[in-house]
């Protein structure tokens, strides 16, 4: 009978194939070590991370010699398309296929998703792109470090820097989701010691495209500072509306989350705004030297802070692997926790063992008008340096439940 | 809250209503003749904004030239699309038209992501329209006033064309009884193509007007188009008058809602829609259901 | 093929899928690893869930003829209610599923009762409005329950130990497979039941059904609740696979993805919808990997870049399907193999 024939054929097939599963295909210990750059390759964050992040990571590998523990190092590019679901699945696949480290992780939702995978599989994730404080707070874990910046550090750097100049009345433009709310509360805390407060803040729902209403309301309230605590296209749209209503002539505009490559899209729009970041390519001769090497590989485009952080963190990890003689994440974590360092990217940095936040000095910049810019991408003027101890959340306030 | 302040916010409402009205009008014109809900309308709006950007950047068009040229280019693309592809769906379930235009949106938006990148492209308000105008009670951005005026003029012209002109009468007749109209020697397919082009051109015009005040990016049509669908349903599917009136009315309502309680801004239109549909399923200006 | 052979072939396929975790067939380039590897099993499990989800959508869209733009809401209900019960209320998995079942029955009953007052495009718009409201609610993170745009990640002890960790991927895989089989059974049974036949009659001509003395509203509501409920259950399984809840699943574009799945498979054929869901999820996942494959890297940029945009490819595929293969995959198979047409209706 055909039925039985089909069944027996299938069973035979199973028997034939069964022995194969006895030898699981784990990467041999002398095979290549993979580093996965998990990021947005073509979406909204591609310019601040994307190909530049991959290139920076490759530079670190090349500068290190291309090999560690006698094994070649391969950099994998993983496009998460800004979906946490995709990021999680891809990260799992990468770690299954020999990746020992995941870096970049731009956009908080994908960073948190990959952090969860890292925790599951006991491999390391070092986040430079995502900014959620939850990475070192409620969602902290042994196998995830937060390297470049978080919302707390941005708010405290920028809030302190602006509030100490005596500007007391603030007005908040806040998107109605977790990022906006945590930015607002962090800013509120940061400016309070200087007697400054938010006189009002407008919470606008996701999908708001017309910011005129809120800008007119802000203008009417006559604050000294307006803080745009949104991200991406929302920041652009609210900045355009702010300028249309002439807010820039009446008050200081503070942008909560901003990256250098964004200036290029519309220099006239951003001139005069104040931003915080973890690094700027022209702030020290060392930084500049690295940035010029990067630019030579990237058609002359200077790097942003996330890309520099990817280089720095990869280099730090490779050094740690070499020092402990193993890629084993537990050994690497034991080595890194509590270690202090400085490099071209991070000044006075520490791999904080308590919550896996990598703390370092933060900076506040003014964005220059085009007339004052002397060379390509030189948009920033450094106005303030905030020491690591003041910029990042103090250990005493950490809400990370340390389980390691 | 002073009266001046509220009056300025009223103008803000009219300015955002100007976009809703144009987009809803285009949707209605297309639905009226093709019986297709054009999901790609947001993509056409986006293409209008990009056409302006590229025209100014590479062809050194003035903004005012772009106001004419960009809609014509996008409309031409739209008509090619209608003749080559959309026409094949005639006679199938209307759902297929919706699905098909949705697929087109996916293709166009992702193609533009590749061409232009996902990040916005800069485009400044033209010098002649920058600055503020004294309205007597307050200074108000000149460009926003310009948008309101252009939108009202275009809406009035299209309304007159469809509802009052001879060609408009033919289009309406062609929709209701294509066989009879063809028997009278009128080229129905060409009429349909031209009407589709008109609807697309209006969407593209909205895109041109939006270009200087928003970030120009490939998915810029995604958010606004969902509100526009809701507005069209509130006004009555296929009703030109309903689309125009409700576009402006809901723009104002949404803005005043945002002044009163910001978190409600994006939900307000949907709340109005659910209420309207519960009370009058055919929409405020729609004819009672005939099917 | 006669009925017995078809059943035998299905049974054989099922047996093969059940024993999959023990067989190490390598299928490059379809899968990057052996079929027994956790990565492949995880992908297959996701495919199964989406197959079941597409089937649930086909019940309401393909059989009852109701174009809902809000199906994502019910999937998200399953994902979020379970995740919230597990993380915030510290329920066991079974308790969490119990709570989800209650919510998953009441919510579509209430919303369906309102939405079904209108039909066609208006119905689509109202369901979309409710789904948008749900999406906004999730993003706003009410009472800190949903985690806003960051979503919710399950703690280490939220799920039973047998469902946690790479080594247990096969358990999750079997759950997803069992769920798909169960959903298929419910789907086939329901569309062939008496109410199922009324749905199809409503789809063809609602007035005639009313003339026969039946109340179309109640039958449509029944289809709406069943379809939404199955979607919520798919959400539960999805949440168990992912170990987290992400707001991605609440968006309108997620509903549109479901539409693509059903049209891809063939509207109004259950097995087509299942196939559509599986194929879509697979392509969505693998296209990017394939786009990064070395063969493609050597292509010139104008070919390579669009090919690495999965949404672009899906859009093109979708256009081709709507224009040239209106019956979807199921229709294409039928045309190639007319023998299938003669046997059975679905």
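When the chains are written out, they are named A, B and C in that same order, and each has its own residue count from 1.
Please note the rule applied: contacts are C-beta pairs under 8 Å (C-beta built on N, C-alpha and C of every residue); 3 or more make two chains touch, one makes a residue touch a chain.
Every value quoted in this text rests on a predicted model; they were computed, and no experiment measured them.
K.L.:
Could you give the fewest steps needed to travel from chain A to chain B through chains in contact?
P.N.:
Minimal hop count between chain A and chain B: 1.
K.L.:
Consider the two chain pairs B-C and A-C; indicate the one with the greater count of contacting C-beta pairs.
P.N.:
Answer by contact count: A-C.
K.L.:
Would you mind pulling out the distance in Å between where the CA atoms of chain A average out and where those of chain B do?
P.N.:
For chain A versus chain B, the centre distance works out to 38 Å.
K.L.:
Taking each chain's centre as the mean position of its Cα atoms, how many Å separate chain B from chain C?
P.N.:
Spacing between the chain centres: roughly 33 Å.
K.L.:
Going by the touch rule set out above, which residues of chain A reach two or more other chains?
P.N.:
Only 42, 176, 205-207 qualify.
K.L.:
Mind pulling the residue numbers of chain B that touch at least two other chains?
P.N.:
In chain B, residues 113-114, 263, 266-267 touch at least two other chains, as defined above.
K.L.:
Scan chain C for residues touching two or more other chains and write them down.
P.N.:
As it turns out, chain C has residues touching two or more other chains at 136, 140, 309.
K.L.:
Quick one: in the complex, what on chain C touches chain A?
P.N.:
It comes out as residues 4-5, 7-9, 11-12, 15-16, 19, 22-26, 32-34, 36-39, 42-43, 46, 136, 139-141, 147-151, 153, 156, 164-166, 242-244, 246-249, 285, 288-289, 292, 308-310.
K.L.:
Contact residues on chain B for chain A in the complex?
P.N.:
5, 8-9, 12-13, 15-16, 113-114, 117-122, 124-125, 132, 141, 143-144, 213-215, 217, 220, 223-224, 255, 258-259, 262-267
K.L.:
How about chain A: which of its residues touch chain B in the complex?
P.N.:
42-44, 46-47, 176, 202-210, 212-214, 216-217, 220, 233, 236-237, 240-241, 244-246, 262, 265-269
K.L.:
Can you tell me which positions in chain C touch chain B when the two form their complex?
P.N.:
Chain C reaches chain B through residues 67, 114, 117-118, 120-122, 124-126, 128-129, 132-133, 136, 140, 252-253, 256, 259-260, 263, 305-306, 309, 311-312, 314-316, 318-319, 322-323, 326.
K.L.:
Can you tell me which positions in chain A touch chain C when the two form their complex?
P.N.:
Per the touch definition, chain A meets chain C at residues 2-3, 6-7, 10-11, 13-14, 17-18, 20-22, 24-25, 42, 77, 79, 81, 83-86, 88-90, 92-93, 96-97, 108-109, 112-113, 116, 119-121, 132, 134, 139, 176-179, 181, 205-207, 403.
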